[in-house]
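Comments concern the structure below.
Residue numbering begins at 1 within each chain, and the chains themselves are lettered A, B, C and D in the order written.
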Amino acid sequence: MKKIILPGCILFLAMSGLALARVSGLFPTAIGPEPLTATYQQINAVFTGDWQQYGQLFTNLQQFLFPRLFLLVITIVPVIFFLHYIAIGPMVFDHGGKQVYCYNLFVRVVHWCAALSFSLLVLTGLLILFASLFAGGAIGIMARSVHLFSALTFTGSAFLLLLVWIKDMLPALYDIKWMIIMGGYLTKEKKPVPAGKFNAGQKMWFWLATLGGAVMAVTGYFLYSFSGNIDTLRLSAIIHSFLGAAMLAMFLIHVYMSMAAIKGALGSMISGYKAESELKILHPEFKY
Amino acid sequence: MAQRKIRSSLSVGTKTSRVTLNPKVARRSFLKLSAATAALTGAVMTTKMTAKAATPAAAKAAYPESKMVRSICTHCAVGCGIEAEVRNGVWIRQEVAQDHPVSRGGYCCKGASAIDMVTSEKRLKSPMKRVNGKWQKISWDTAMGEIAAKLTAIRDNDGPDALHLNGSAKVSTEMAYLQRKFAAFWGSNNVDHQARI
Amino acid sequence: MTNSLNDMRRAQSMIFIGSNAAEAHPVAMQHILHAKEVNNAPIIVVDPRFTKLAAKASEFVRIRPGTDCIFIMGLINEIIQKGWEDKEFIRTRVAGFPEMAEVAAKYSPEEVENVTGIPAAQTRKVAKILATNRPTSLTWCMGGTQHHIGSSITRAFCILQLVLGNMGKSGGGTNIFRGHDNVQGATDMCVLSHTLPGYYGLKDGSWKHWCRVWDVDYDYIVSRFKEKKWMNAKGFTLARWYEGVLGEEKIEQYTPIKAMIQWGCGSNSNSQYNRVVKAYNKLDLFVIVDPFPTMAAATCTSDNVYILPCSSQYETSGSVTSTSRQIQWRHKIVEPINDCRDDYTIMQDLVERLGFANEFYKNIKEIPEDITREINKGTLTIGYNGQTPERIKKHMENWHTFDIETLQAKGGPCDGDYYGMPWPCWTEEHPGTPILYDVSKPVAEGGLPFRNRFGLEKIYDQSGRTENLLAAEGVYNPGSEVKGGYPEFKDVVPGTNWKTDLSQKTLKEAIRRGMAPFGNARARCVVWTFPDQIPIHREPLHSPRPDLIAKYPTYEDQPNHFRVFTRYKSEQNPDLVKKFPFVLTTGRMVEHMGAGAETRSNKYLSELQPEMYAEVNPVTGHNLGVRDGDMIWIESPEGGKVKVKAFFTERVDEKTIFMPYHFGGTLMGESLAGNYPEGHAPYVVGDSANVCTNYGYDIVTQIQATKDGLCKISRA
Amino acid sequence: MGRMKFLCDIERCIDCSGCVVACKEGNHIPVGVNRRRVITIGQGKPGEKSISVSCMHCADAPCIAVCPVDCIYQRDDGIVLHDKEACIGCGYCFMACPFGAPQFPSGQVFGARGAMDKCTFCAGGPEETFSAKEVRLYGQNRIAEGKVPLCAGMCATKSLLAGDADEVADVYRERVFKRGSGANAWGWNKAYKKE
C-alpha cells in the first residue's frame, strides 16, 4: 500500500505544483492546443459545404434512388401502357369528316424541334446515368455534349411553345373533372370528356415541360458550369434528377398517347388538322 | 441515418473486382510504405525510418538509368537540400532530400518548384541589347565586345569610379568573391549587393 | 546566426522580432515548432502585423514600426529591475554593463507603452517569459534592421541576449534569419563597398593582405585606382548608388556614375524605386546579368542597356553559405540551357576583354575549386580556412550521417565534423563552430570565447570608468593554456597577426594551445565607434508621432555617407503625418522571393499569388470609403505612388498599411509588360511596393528604411 | 496489410503551399487544377489555422458510390484511384466528396469539363506501372517505387503525414502526447470512420 501512496503523494504534489505554477504565471504559456472542433467546423464550412446535410443526401440518392427510379420509370411506364393497350386498346376516330386546322406551321415546327431535342435529352441523360453499361469515356463525354446542345434547343423551343400556347393551357374548372375520370382512357366508351383545346393531361405535360424545363435548365446550368457553391451543386443535382424522372415519365405518356393510344394523333401534329369528330369527344369545350 | 446507409452500402460500392482492374495494381498495393512514413515524423522516428528504409520495397525505380545530383535550393538562406534526378543531361524530377540534416526533405512552395528555374519558358535565351527602344538579339561575342569597349572608354574618360557593380547574394560564394575581386582589380570600391538592404 | 536552425530545437523560449519565419523561412519552422511542441517553449512574436508566424505564437506583441529599440531596452530595464539578469555571465563576459543599464533605466514599461503602443503589462509579461524560460533564441530579420536606427536596434537585440546570458549556449543565441540563399556567403566575401573579403576593411594593411593572397603587387592594385585615397574610401552602396548617377544630391566623388553592371540583383528591391528608374535611363552603359529579365530590363528604355543571360545556380557549381553559416556545395545538375552561360564564364570573358586576366586568374586554374582554395587561403578573420572544396563535397555526400540536433556527424567519413563546417573553421582538421562564443567546448572542437578586437582597456565617456575588456578569470574554453581572458595572437610569425599570417601558423599555434586565435574578451554593450554608443530610441524619420520627435530626435545630417549627402534632421518633419497619416511597412510572402523575377516567372507560384495587393485594416478601409478588393492609390511623401488592390485583413492594425515587395513590372499604375523582351515578361506583374517606401537610411550601414515610412491612400 | 492515409497536423501547417507546388511540379499538373490545396481559417486573427487538403482516400469513398461510369476504384491498400479514360467528367464525384478533392481541368471544347483529376497518393493509375501513359495521365507512381507521396515528403514542417495508417497514427499520437492534449485530426472521422 505504501508503495502506491508515496509516489501518489509525490505525483499529487508535482501536479498541484504545476497547476499552481500555471495559475501564477510561472509558465506564462498557453501552448496546449485549444479545442479544434470550432476550427474544423469552419474549415468544413469554407470549402466542402455542409456535407452532413447535402453531401450525404446527394450521395445516398445518387447511389440508390436515382438509378432505380429511372429504371423504374423506363420499365414500369411502358409496361402499364402495354397492359392498357391490350386491355382497353387505342381510341380510334373516323378521320374523314370535317377537318379543323389546329396547329399552324410555326407551332408544328417548334413542336418537333422540342420533341426531337427532348428525345435526345432523354436518351443522353439516360446514357449518362447508366454510363457504366457503355464503358463511359468518349461515349459519355459525347453524350454530355449532346445533352448540352439538346438542352439549349429544347429551352428555346419550349419557351416559344409557352408563348404560343399559354392562353390555351391556363387551367380551367373542368380540368378537375377530367382528372377524376382520368380523361376517359380507362374505358372503351366514347363519351365526350371535359376538355378545352388541351385536356388536363396535356396541360400537365405542358407546364411540366415549360416550368419544369426552366428549373431543369437552371439546375443543369449549375451542373454544367460548376458555378455556385458546392451545396448549390448538390441540390441542383438532386432536383435535376427528381424532376428529370418526372419529365421522363410524362414524356413517355405523351409519346404513348400520340403514337398509340389515340390513332391519328401523330398525323395531326404533322398536318396540323384534327377531325371534328375527334374534337367533339376529346375536346368538346374547344371553340374553334 | 443517412450516414449509416452510406457505410453499409459502400462495402458494395468497393467491389473487389475493381481492385484487380490491372493485375499490377494488386501486386503493388501490397507494398508497404517504408522510408516514407517514418521520414515525415521528426527526430523521434529516425531509427525506425533508417531501419525500414532497407526493405526491398524500393527495388524498382521509375527511371533506372538516371543518376542523383545533390544541390542546394536557391531561394532562402535556410539552405534546403535538393536531390535532382538527371537522365541524359535532363533534370527529370526533384526527389525528396530526406537525408539533408537541416531541411530533411522539406520545401516551401518555392523550393518544391526548383526544377522550374531550369525549365521555365521565361528564361532568357540569348544576349540582348536595346536598339531604338526595341530588344534585339545579339551574339555573346558582340555583346561582350561592346560592353568591354564601352567600359574601357568610360574608365579612360571618367575614371574607374564611374562604374558601379551591384553584385549578388544569389551566386555562389566563389562568384561573390570574384565580384568583389573584380571591383578591386577594376579599381573602385563602388561595389555592393543585397546584404546592404 | 550564432547558433544553427537545428539548434533552435533546444530553445526553451523563442522571440522573433521583425521576422516572419513562417513565410520567409518556412523550412526553419520545423525546428521552431519542434521546440514549441517538445520543450513547451513559448514563441513570442513582436511585429506590427499578425503574421503567419504570429498564428503559431503563444504571445503576439503588436509594435509600432520603428520602435523595436525602445521595446528591447524596456525589456532589458525590466529584467534588470527585477534582478533577472545573468549576473555571473555579465560579471565575467560582458563589458560596459553599468553604462548600458543606466541608459536602459530611462525606458520604463510605461514609457515603452507610450512610444511603441505595447501595453506595459505585456512588456512585463514578455520579460518574465524570457527570464523564466532560458535559454531564449532571439531571431530578427529585415523588420529589425531596415530602419534609420537599424544598427542600434540590432545591438539592442544582442545586449538583451547578453543580459539574459543566452550567448554561446545551445538553444540561445542571436539567430538572424538571412534572406537570400547565399547572402551569408556573399557578405562574408564582402561584395560590399566598405570592406574587402572577410571583413578586412579598406585600410592599407587590408589591401596588402589581399594583394598577398591574390599574388599581385600592391602597387599594381594602387595603379588601378584613380588615386590611392579612393582605395580607402567607402564606395556607393546598393541602397543609394543612383544618387551618383542623378546628381541631384551632393556626392563626394570625382565623377558621376556612368556605367552599371547589375549581376544577379533584382532591381525593385531598392526603396524610392522611381528614382532608381530615372538613374537607369541616365546611364551610359547598363548591363544586366540574370537568368530572367529583371524589372530593370523593363524600366530602362534607353539604348544603353544589355541583357546577358546567365545560367541559374543549378547549372553551375560552387559553395553556398546558409544562414547557419554552414557551407554547402552546389553540384551542377544540368549544363546551362539555351545560350546561357554560367557566371564564371561571363566573368572570365569580361576580365579577359578588359585586359587584367593574367593578374586576376593568377592562381585560379580549376574553376570553381581553385577560387574556394583562394578564399580558404585569405579569409582568416572568420575562419574560412578549413572548408576546402573536398571537405564540403564530402559533407554533401554524407548528409545522412549528421545528427539532427547537434548537426555533428556520428561516424562515417565526416566523423566529428559539424554539418557544413560553420565558420570559423580554423584548420582542415577543425570541425567547424556550431555555436559562436560557446566556452563549454575546446576551441579545437568548435568552442569559442568572445573576440578581443577593440583593445584591452576602455575608459568610458559616459561614466569615466575604466574597464578591462578581457574576459574574467575562470572563463575559458576547456584545455586552454590561459585560464581567463587573453588578447589576440600576433607575432607568432614575426610581423603578422592571426588575421594576416597566410602560413596559418598562428591559427594552428592557437588551436594547439587550446586558445582562440582572436583572444578571449568581453562582449561590449558600448560601441564607442558608433554615433549612439549605447542603443537609444530615435523616432523614425517620417514619424507618425510628431509629439515624440522632440524627445527622441534623429541624427544630424551626414555630408559624406558612403559618398553621398544623407539627410536626417532636415528630413524629420512633424507636420508630415498630417498629410500622410498611415504607416507603411513591407514584407515577404512565401510564394515569392526577393524582387520576384524568378518566382513571378514560375507558373505555379504565379498561380498561387497572382496579384499585388496592400493589406488594409477593414476599419481604415471603410473609413476611407474603400471596399475590399477595390483598387487604391498609395502615395509616399516623396511622390512615389502605386496602384494596388486593397486586401482587407486584421493582420494589420488601423494605422498600418502592409505591402509585399516582390512585385514588379508595373510602374505607378502603368504596365511595363510590353517593355520586357518578347515572351519573357513574367506571368505576374504588379506595382512595386518600393516605389512607395520612404526616404531614410541607417546611420552606420546605410540600409534603407523601408519598414517605417508614411503614406496616404485614396481610391483609384 | 497496410492502409494508406493522409493526416495534416493543423498545429504545424504554416500555409507555405509546399505540398501544393510539390504535387503540381512532380506530376506536371496544369495550372488551375489543384490536387492539393491549403486552406486558412480565421486569417489574420488569433487562432488562425491552416490545413492542407487533398483526396483523403476514404475507406468508404462516396465518390466511388456515385460515379456513373464506375471509373473510381479502391486498391487493397486503401488508395482510391480512377480511370481517366473511362471518366466522362460528369462531376458527381465532386459533389459527393466531403473534401472537395476531384478537380476538372477545363479547356476542352465548349468549355466542357475534361476527365476528373485528383490526388493519386502518387500511385499512378490503372495503366502499366511507370509507362509513359501512366506518367502523362496520372503523374508519378512513387508508391510502386516505395516512396512517399511528394506532398508529404516535401512538407516544410512535417505537418502533412502520409503513409501506413498505423505509423501515421503513431507519429501523430506521439506529437499530441508531447503537446499534452488529445486533439483529433481533421478529416479522419469522416474519411476513415470504422463501422
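Everything that follows uses one rule, which is that a contact is a pair of C-beta atoms (placed from the backbone, for glycine too) under 8 Å apart; a residue touches a chain by one contact, two chains touch by 3 or more.
A quick note: this is a predicted structure, and the numbers were derived from the prediction, not measured.
Closest chain to the protein's overall Cα mean, using per-chain Cα means, please.
Smallest offset from the overall C-alpha mean is found for B.
Looking only at C-beta pairs that count as contacts, which pair of chains has more of them, B-D or B-C?
Output for the comparison: B-C.
Taking each chain's centre as its mean C-alpha position, how far apart are subunit B and subunit C in Å?
Using C-alpha averages as centres, the distance is 24 Å.
Please report how many Å separate the Cα centroid of subunit A from that of subunit D, as a whole number.
Computed from C-alpha means, the inter-chain centre distance equals 33 Å.
Need the CA-centroid distance for the pair subunit A / subunit C, whole Å please.
About 66 Å separates the centre of subunit A from that of subunit C.
Touching at least two other chains at once: which residues of subunit D meet that condition?
Counting only residues that touch two or more other chains, subunit D contributes 11, 16-18, 20-21, 24-25, 47, 49, 62, 65, 70, 156-158, 175, 179-180.
Hey, what residues on subunit C touch two or more of the other chains?
If we look for residues of subunit C contacting two or more partner chains, we find 26-27, 30, 40, 590-591, 603-605, 608.
For subunit A, what residues touch not just one other chain but two or more?
Expected reply: 31, 56, 59, 63.
Contact residues on subunit D for subunit A in the complex?
10-11, 37, 39, 41-42, 47, 49, 51, 53, 62, 65-71, 85-92, 94-100, 104, 109-113, 179-181, 183-184, 186, 190
Contact residues on subunit D for subunit B in the complex?
Result: residues 1-2, 4, 16-22, 24-26, 59-62, 64-65, 70, 73-77, 79, 81, 83, 123, 126-130, 135, 140-148, 150, 152-158, 160-164, 167-168, 170-171, 174-175, 193, 195 of subunit D touch subunit B.
Which subunit C residues qualify as touching subunit D in the complex?
Contacts found on subunit C: 22-23, 26-27, 29-30, 33, 37-38, 40, 50, 52-53, 55-56, 60, 590-591, 603-605, 607-608, 649-651.
Quick check: in the complex, which residue numbers of subunit B touch subunit C?
It is residues 42-43, 46, 50, 69-82, 84, 86, 89-91, 97, 99-104, 106-111, 113-114, 116-118, 120-133, 135, 140, 143-148, 150-152, 154, 158-197 of subunit B that touch subunit C.
Which positions of subunit D touch subunit C when the two form their complex?
11-12, 14-18, 20-21, 24-25, 31-32, 43-50, 156-158, 175, 178-180
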